[in-house]
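Each structure below is given as structure tokens.
In the two complexes below, subunit A is the common chain; its partner is subunit B in one and subunit C in the other.
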Partner chain A sequence: MTVIIAVLQAVLLVALAPLVSGIARKIRARMHSRTGASVLQDYYDLAKLWHRCEVREGPSGLVSRAMPAVYLGTMALLAAGLPLIMQACPVPLLGDIITILYLMALPRFLFSLASIDSGAAYPSIGGIRELLVGVLVEPSLMLVLFVMALAVGSTNVGVMAEAVGALSAYPAVAVVVAGVACAMACYIEMGKLPFDLAEAEQEIQEGPLAAYSGPSLAMLKLGVSVKQLVVASLFVAIFLPFGAAASLAPADLLLGLVTYLVKLAAVLLVAAVIENSVMRVRYKLLGRYTWFVVGIASLSLVFLVIGI
Partner chain B sequence: MTKKNAALRSGETHVQAVRDAFPGAVLDAAWQASDQVTITVPKDMLPDVVEFLYYGRGGWLPNMVANDERPLNGRYALYYLLSMEEADPGFVTVRTEIDPHSMEYPSVTPRVPACVWSEREAYDLFGLRAQGLPDERRLVLPDDWPSGLFPLRKDSMDYRRRPEPVTDVENYEFLYEGQAEEVTGVPMGPLHITSDEPGHFRLFVEGEEIVDADYRLFYVHRGMEKVAESRLNYDAVTFLADRICGICGNAHSVAYAEAVENAQGIEVPVRAQYIRTILLEVERLHSHLLNLGLVCHYCGFDTGFQHFFRVREKAMDLAVLLTGARKTYGLNLIGGVRRDILDEQKLATIAFVRELRSDVEALVDMLMSTANFESRTAGVGRLDPAIARDYSPVGPCVRGSGFARDVRFDHPFDGYRYLTGLKARSHDGCDVQSRTLVRVEEFMDSLTMIEQLLDGAPGGPIQATGWRYTPHKYALGYTEAPRGEDMHWAQVGDNQKCYRWRAKAATYSNWPILRYMFRGNTVADAAIIVGSMDPCYSCTDRVTVVDVKKKTETVLTKQQLESYCWRRTHSPLAGKGA
Partner chain C sequence: MFGYPLVNVLGACLIITSMMVVLARAGRTAAWLYSLQSLVLVGVLASLGFVTGSGELFTWSATAFATKVVLVPAILLYALKKIGDDAQADLPPKLNPMKSVALVAVEVFVCFVAVSGIDLPTAAEVKPTLAVSLAHFFIGLTCIVTQRSIFKQIFGYCLMENGSHVSLALLAPEAPELVEIGVATDAIFAVIILAVLVVRMARYAHTLDADDLCELKG
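This part shows the complex of A and B:
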């Protein structure tokens, strides 16, 4: 039963991702005082790309070819494992924070490797930037997740969600501070402005994406959209589990689905507004922002140790 | 212009100073207009005299004009135009004649670096070789142009002739002047996402830091000067001059018209002078709004970009109101303008100006308070004042480095003579932020100017009539376009056509300093640095990113470029380079 929910979750997120990015585009257009394309535009784009021929870089090899599929696949797997609709993890094995962190590191590793494999100037720069973002943000995310693991006594995000949902996670202050740090780390991880360094269009011509075309580009674009949903969902799953189904009763599950969608929409709306009112951070100065996040994450550890 | 008696003509002190410093150097001194003097010097004295006037007398060098005067006096001539901006302001042109058998002259570039592009161009178009010129690469002509065919020589070719390409590959050599031994070449262009026109910039980078940069431009050189002297009559060239630029066409048109008017001694009616000035300022409004929008875009702040463009529409509407077209095109004729500003148009213009002022003030407040604006622009793309002094850049570029050079105030012309309470704007941060702030202030000043000019414009005719056409007279015409001074040098012939017309767009003076502005910044800043210059590619006439450490670079083939133009996807640059 829960396996079915897991599969449905993955399908739902992959199917919704283009709609969500379409809505984000619409919000952007509105903030620009433009009419903007239809919210379904990203579906059209993907369909069109799917029918296009694939052009590869001369020197590129197996890594470049396999990357888009692995990227999208990993994101779908992550989507399957998170406690989105119900409080417990549908597949406990996939809900372990160690698994989650490694599953997030895998596509990033391949993304950077593929960008260097492509043998092009701009993608390589993009690949290196992606690694830099990873090195600077992942420690904060790890720290936050370990603080939560210590606070609730389990490395399973389902257990964390249940504890937060019942407001029994202790110490409370440490959990709240961890939530703030997690929100910030997740925002950077989503790769939206001002932190879209790896794909910065005006600076490095969309970086690694520039090396892809046709179905591969479609998979990669879809993968990037799904990643934004997964990262936002990770935050929602752990720190805003309120309303998620506590049992497998159909009514509970339905309510859980509706509340999940509402929470996700709210988080993404906030992200969209931030995205459109800032300038891209200067590549050299990214460290200043991530140190701030590391600081807050460390603070949550301190609160955890002193127990408030 | 102003009443000055012959003994006290503008430029007299400079001529006397040259006579004193270099006895026997001045073979001839002739005034073309009250503020313009041309001195002829022997070609051996040329570098000394130009250097003396440039560094010793407060001169700046807009450009140098080469001319094939064999049909007139059997020789080629070079005209080094100097804008004197300290004591005794005016223009001093240093002329020298070159024997058609030697075709050589001593290069001034080692003494005054600002001459470099002009001297390279003089070889491309006339085959005049500057001895000692440090950079002898091709500038204006394309890579596949046959060597030995110099298009502007009077006896070289018909303007319709298209010579067979002599090569299929790009053979332009990009020069690397940095110290680091291992650099990677990153190609930016010939077509780049942030530039609206082709330009090939090659960035020599170490990681993301730019060590040096070189560029190849003139991909869209249109041979307008050749067309003007062979096909159009001198009066129609004002409309061709409009087409030099898609933004500041009127500035070129006015500059050309005034070059001919100065040479022929035509008095333009005062009302026409006011109308020209108002339209020059209207042009500045939409050009500066364009650049402020682009600054946002290059920083990844598309919200600001779209809003500046929304407000810019009002400036375009203003142009429609005054000229009948979204661009300020087709207004000028030799001797005046074609369209008057009527009373109801004056009232509507004042309403537009008020609306623009409040809209732009609000937008600028928003831009200044946007997160990261300061960190993206302050200290980025530094133009050292010493480099600026050597290369004579113009417009907000040089005014952002502490030099208040502005033709409107240094050599007031047309309606600018009647303005009160305004002065040239400058900031001394030397960075992208300073250049942006200069544009913001100038935008506000332009609004004030339009109001003052509308109030002060006298009645009367808008076209001069009844002048006498004298062949072979030449003079300078100048305007302050939004990107800096436009300088036109025109000489009419005995066939109602231009004998020689040299149009210098503002950006022509600014490109040579770009390599210095790139150094020490990152690849991420490259687009905003180019953008802060507000370059005009087709007016003057491509970026390669090279990794200094991997020593690789790529040259695109014509086929790759063409297929990219067709499909608009799969950028050929994406796969090349590092």
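This part shows the complex of A and C:
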């Protein structure tokens, strides 16, 4: 039964991702006083790309060919493992923070490798940028998850969600501060505006995207949108587990699904508003912002050690 | 949730608010945040009063409310109005403010290690808060050292003051009101003197940058 829920979660997130990025784009257009494209535009784009033929750069090899599928597959796997509708993990094996962190690192690694593999200059610069963001953000995310693991005594995300949901995670202030740090780290991981993904500059911004075409590009675009949902869901799953189903009863599950969608929509709406009210930061200055996140995360660790 | 855990949670809020004071860009915001921090301080004193059953602590919290939540921020805001626009009161600090958060975390941790060696019967339950109050001394020092604007350096002094206030309440909850009057008036008069000095310096030198104020020497 839980395996079915896991598969459904993955399908749900993959199916929703283009809609969510379409809505985010619509919000941006409205905030810029434009009409903007339809919210379904991303589905049209993906369908169009899917029918196009694939063109590759001359020197690119196996890594470039495998990367889009691995990227999308890893994101779907992450989506399957998180406790989104239920409080417990549907597949406990996939809900371990160490697995989650490595599963998040794998696509990033391949993404950068593919950018070098493509043999062109612009994608490799973009790949390095992607790695830099990862190096700056992932330590804070690890620290936050480590704090949560110490606070609840388990590395399983489902156990964390249960403890937070029952308000029994012990050093309360440490958990709240960790939640703030996690929200910031997840926002940066989502690749939103002050840090990433300005639509006009794909060569530099999204690295290897420039070297792809056809179905591969479709898979990558979908993968990037799913990643946003997965990262937002990670935050929702751990720190806002309220309302998630405690049992496998159908009514509970339905309620859990509805509350999950509402929470996710709220988080994404906040992210979209922040995204559209800031400028892009030069990536030399990225460190300033990530230092803040590291500071908050280490503060939560200190609160945990002190015990408040 | 009530009792000593509440005191400790409020202690953590003290750290968070004092960090916000250090991070605030504008002097005006810092003054309001300082007022908020003092409100948390009043909460700490009052909850300690509930826990220890000491009547003195309630009078302490009342006087702390009058002096620290209302009077001190009012003096600072008044000074800021007097300074006006000709001297930039909102100079950015020397250290990247984002890094100072990590620095504060390190300071709190070091203070906790220092406090865990102390074995006092009055402070056994509230060791985290004792660490917090000790850390306030260092946070204040950090604020004084890293801020370039002498107006913001006053907040460093105020934070140190709040720290000593909390540690006094933790270690000697039965201390008579006279001690409290000493602490409160100390804060008020020091802040008045500092504010007057800052206003005079701003009028004379048209700057609040500590580095540019070397000409005032001797």
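FYI, the second predicted complex is superposed on the first by the 300 of 308 C-alpha atoms of A that agree within 3 Å, B and C clash if a C-alpha of one lies under 4 Å from a C-alpha of the other, contacts with A are read in each partner's own complex, and residues count from 1 in each chain.
Here is the rule we use: a residue touches a chain if its C-beta (ideal position, glycine included) is under 8 Å from a C-beta of that chain, and two chains touch if they have at least 3 such contacts.
Because the structure is predicted, anything quoted here is derived from the model rather than measured.
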Room on subunit A for both subunit B and subunit C (clash or fit): fit
Identify the partner contact of A:L285: answer first if only subunit B is touched, second if only subunit C is, both if each is, neither if none is. first
With the two structures laid over each other on chain A, which partner does A:A15 touch: subunit B (first), subunit C (second), both, or neither? neither
Looking at A:G307 after the superposition, I want to know if it touches subunit B, subunit C, both of them or none. Which is it: first, second, both, neither? second
Per the contact definition in the header, classify A:I125: touching subunit B only (first), subunit C only (second), both, or neither. first
Looking at the overlay, does A:L248 come into contact with subunit B only (first), subunit C only (second), both, or neither? neither
If we overlay the two complexes on their shared chain A, which of subunit B and subunit C does A:A166 touch? Say first, second, both or neither. neither
Once chain A of both complexes is superposed, is A:V273 in touch with subunit B (first), subunit C (second), both, or neither? neither
State whether subunit B or subunit C is in contact with more residues of subunit A in the superposed arrangement. B
Touching partner for A:S213 - first (subunit B), second (subunit C), both, neither: first
Closest approach of subunit C to subunit B (Cα atoms, Å): 13
Return the residues of subunit A at which the contacts from subunit B and from subunit C coincide. none
Please output the residues of subunit A touching subunit B within their complex, sorted ascending. 28, 31-34, 55, 57-58, 118-125, 193-194, 196, 200-205, 210-211, 213, 276-285
Given the complex with subunit A, which residues does subunit B contribute to the contact? 184-187, 192-194, 208, 296-303, 305-307, 310, 370-373, 375-376, 522-527, 545, 547, 569-571, 573-578
Which positions of subunit A touch subunit C when the two form their complex? 172-173, 177, 288-289, 291-292, 294-296, 298-299, 301-303, 305-308
Complex interface listing, subunit C residues touching subunit A: 8-9, 11-13, 15-16, 19, 96, 98-106, 108-109, 112, 128-129, 131
